[in-house]
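Listed below are the structures to be examined.
The two complexes that follow have chain A in common; it is paired with chain B in the first and with chain C in the second.
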Partner chain A sequence: MARITLVGVAKAFNDKQILDRLDLDIENGELLALLGPSGSGKTTLLKLIAGLDTPSAGRIKFDGSDVTLVSTRHRQAIIVFQDHCLFPHLTVKENIAFGLRARNEPRATIDRKVGEILEVVQLPGRQNSLPHALSGGEKQRIALARACVLKPRVLLLDEPFSNLDVNLRLSMREFVVSLQRVLKLTCVLVTHDKEEAFVMAERVAVLLDGRLEQVDTPENLYDRPKNKKVAEFLGEANFFPGVVADGVFTCALGSFATPWQDTRQAVGMVRYDNVQLGRHTGNTLGKIKDKVFAGRYTFYKVALAAGGELMASCKESFTLGDAVYVSCADHAMQVYSTP
Partner chain B sequence: MKAASKPYLLAAPLVLFLTLTFGLSFGYEISGLTLRHFLAVLWNRDFVVSLVATLSVAAVATLVSNVGGAALAFAMLKARVGGEWVRHILQLPVIMPHLVVTVVVFHIFAQTGVLARLTWWLGFIDDPNQFPLMVFDHFAIGIMLVYLYKQIPFVAMVCFDSLRGISHRFGDVGENLGATPWQVATRVYLPLLKPTLMATALITFAFAFGAFEVPFLLGTPLWRTLPVEAYLLHINIDPDAQARSMAINVIISAISLGLALVYSSALRVVSHVRHSDGERP
Partner chain C sequence: MKWGRAVGHFVMWTAAVACVSPLLSLIVLAFSAQWPFPHLVPSLFTADHLAKLLLSPRLGEAVTTSLELALLTTVATLLLVFPAAKAAGLYSFRGREALKLLALMPVMVPAATVTMGLHYFMIRVGLAGTMLGVVIVHTVFAVPYAFRILMYVFEIMGEQHEEQAAMLGAGPLMVFSAVTLPLVMPGMVAAATMSFVISFSQYITTFIIGGGRLLTVPLLLVPHVQGGELHVASVYSLVFIFTALAALVLLRAVVRHYYRETYFLNP
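Right, the complex of A and B next:
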């Protein structure tokens, strides 16, 4: 495993800036999720770390050593692609042994390592199978085994679960996290699924339009997005325009303490699940306009008496047209300065 | 054409062919079923020399054109070229008639050709006759040049299309796992390209094996390929020679048919693994 350091890494294709001067530190043995929408540059960044492409500017370091110009063959940053990319003409054993054979390891060592890693990925007995005979989950495990058997310095996962059905995806997430912990791998997971990033990663880096907007723990990212852009991307957020004066932000939902003492225009953000709906007490009055049952929670659209609407998710049951009191804790309201 | 009569019409040339080779001729003073023309051909030393020469020329042309074509396709894939203009450049030799290429090769590589006169004019040789014999030569260099000029682009085009159908990421994955470009080519792309190469090898071999005009115009007088031998026997006024010509044609057809059968069997073996239960013993 290795500590990865990106210093001012940029990438442009045909004058189009894909990645814009990224700085990032990924600790030894850490699982970091790179979260962003399609086209944000996630896979490009993964390829730069893997050495499958070179940055237009900036340096990439492993344990302090500059590897920017080290070829992918010698970098030991192994990538697992979304569609597995198992070699279709090779058996499971041959696929896993591919990298070991390329290193000219002795046959006995290859056999032993392949056997061991097949135990780790819980697929012993499938070594003579061809990829087309494997299920999606098995293919993903073999792709992981093929990467992990080389004991890479860095394991890079490019949306590895997006082709799997929901149940399989959940079990594969657990499997990868446990594998990463057992093998103590430094791991970068690329995903556009925020739930996947939050569940699996110790830290999440949000990449929007080629810029790293925030690198933080899942909890901080969810509760305290650094700016409106991040909050919008993560979803399930209500925004209220308002004014800050004398350390108080005032909006349609009420007044909330802020650290700013000057006067400025601002926008407040509160997550759906931080909005409290009550029948008797609250900051402001509203009326249930719409509801959607979603299993554990019910989503309510509330028309505020002071004007505007908000979304709330809670377990309590209300019916359409019910008058409700709406409130939100000070710490749940994030306030962003508007230009 | 009525559908019922179609098979008979299609089979008619074969029937005619066989009757002639087995001695049943029309208008000649030979009659009766016999294998003597086949035996005469098979026991003839010139036939054996022709057969060996034809097989050798076809085998070398097949090997070089398929290796060269596949290498060119790999290079194009690696360099990420293969746009319309590259395809047009590759198509040009393929669509050019063999006869035209034969004449071009003659004018360039013969001892009276452009290269010989150029090297003489530049002072590298004292006389154009000192220019190495590349046309009408014992090693069939001129013939080979025509075949390779046409077949290497053909193989490259077919292989390149196949390679493009194979995920380009296999190359990235292979190198990312630590393989050299050579290892990626030989352990990943070449096995995946095997069915395509088998087909192009069969086509190039069949063409070189059965080609008449190129060895007829550029071949050495010391030995003749089978189609040339068959042609020369065919224009002989001796009816026996004509029957031997037909016998040689049957042998050429039989060898070509045999190759096609070998190809289809080999293809079945190659594809068997993929269509079986997915286990390799």
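Right, the complex of A and C next:
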């Protein structure tokens, strides 16, 4: 377990900037999610931390000591890949023992540790199976066991559940979180799935086009995205262009307080579930244009009388063509100034 | 559906007959004493040809030399090809495409041309007429095939398993012996088989570079074919086929013994 510090880490391939001067602190024993769309440089960053690649600039530190040039072999940062990457010619036991053997631990110690970790991942009795005889979830758990048995300084998970079916994915999330807590591992989870990041991580780092846009708790990230890019990426957001003057932002949805006293162009953001639809009261009038039932919520597309459209999700039931009042609380409106 | 199956069966059986019938006619020829023109099968069978050849000291010498050459060629080819195929299959670097093309050159140019050029060179360095010289020229012709096979195997394998092993703390030696080698073993077996058979069936190269000092089975066989002694040639051919087959079966057995179970051979 270690505290991981990235200082100005950058990576370029053939003049193409993949990662742009990242600064990031991952606390000892923390589970941090690295969230971003595919191609944002998440896996590249993971490889840099594991030492499979070297950064073009910047430093990587484990517990304050510089490991930028320490070889993969001696770095004790282990990636668990999406396709688990078990050695197909070795049994479960041999796979898990691989790293212990590399450290020349005595046979008795290896046997004991393999037994213990198999208990932890709830797969005792599978010692002598070959990987191809295991199910997808079992393979993933063995891959986790193989990494965890070494007590790595940081465990790096590269979209580890995206090959699993939905139910299995949910139980694996819980499993990994409890494993991480029991073993007190520093852990970085790479994912493109917001829900996965929110459910599992203590903090989420949003990586867009090679830049860390925001590193925050899931709650803050969801309620207060730092800029429009992050809000757009996290989805389920309505944007309203408007103007700020004298501390008030005015847009199609009404007027909202802002801390800015000057006059400027701005854009406001409201999440679907922060839009209130009412039959009798509200800021502005609209009409239900479309409706999609999604279980917990129903999504409504509302055409505003003043022009424009917005999306709302709520539990109340409206029918197409209903006239509704639309409103939104002051704190639910995030305002970003437009450049 | 029925018609498709019928056609499939027809193609399969035709192919099977096409593969086996030359071998059958070889066996029949090898044991025939009299086979006058209109008869479908020989009128008299004999084991004389076989007995005569098996007793001749030249056959033993030829088989031994052929096996030695094939074995040395296989080892040399694999040693040469392994690093090159790994580089070409896994890493991107300048000149990668050129390397792929270059490795195919010996089989794109007629064998006699390559061999004549090498012969001149080998006379100068004193390798003409030696075992080493012949092994070198056989290797030149085995490399293109072995390289291709292994390169594809490395491409399929990818780097991920080696990277995983390194992250788990394995040093280069352990990565190689515990991960890389077992994973490419099916390709190694295929490449070894190919090299072995190529060396075993070389005629013109052995003839030119060996200068008649190295006697191999094809060198014994060809004059009999040209001289019209079909019975003798057939017996030699049978010896040739079964020696090669036995060697390959042995090779697979050894690999199977070292590399557990049957994952590689029957995945």
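Note that the second predicted complex is superposed on the first by the 339 of 339 C-alpha atoms of A that agree within 3 Å, B and C clash if a C-alpha of one lies under 4 Å from a C-alpha of the other, contacts with A are read in each partner's own complex, and residues count from 1 in each chain.
Following the convention adopted for this analysis, a contact is a pair of C-beta atoms (placed from the backbone, for glycine too) under 8 Å apart; a residue touches a chain by one contact, two chains touch by 3 or more.
What you see is a predicted model; the values in this text were computed from it and never measured.
Considered on the superposed chain A, chain B and chain C are sterically incompatible, since they clash.
Of the two partner chains placed by the overlay, neither chain B nor chain C lies in contact with A:Leu320. By the touch criterion defined above, A:Ala305 lies against neither chain B nor chain C after alignment on the C-alpha atoms of chain A. After overlaying the two complexes on the shared chain, residue contacts for A:Ile79 are found with chain B and with chain C alike. Contact with chain B, but none with chain C, is seen for A:Asn128 once the two complexes are overlaid on the shared chain. Touch criterion not met for A:Leu69: it reaches neither chain B nor chain C.
Residues 50-52, 71-74, 76-79, 81, 83, 85, 87-89, 98-99, 101-103, 130, 132, 146-147, 150 of chain A are contacted both by chain B in one complex and by chain C in the other. Within the complex formed with chain A, the residues of chain B that make contact are 167, 169-170, 172-180, 183, 187-188, 191-192, 273-274, 277-281. Those residues of chain A whose C-beta lies close enough to touch chain C in the complex are 50-52, 71-79, 81, 83, 85, 87-90, 98-99, 101-103, 130, 132, 146-147, 150. Chain C contributes residues 160-161, 163-171, 174, 178-179, 182-183, 259-261, 263-264 to its touches with chain A in the complex. Across the complex, chain A meets chain B through its residues 50-52, 71-74, 76-79, 81, 83, 85, 87-89, 91, 98-99, 101-103, 128-130, 132-134, 146-147, 150.
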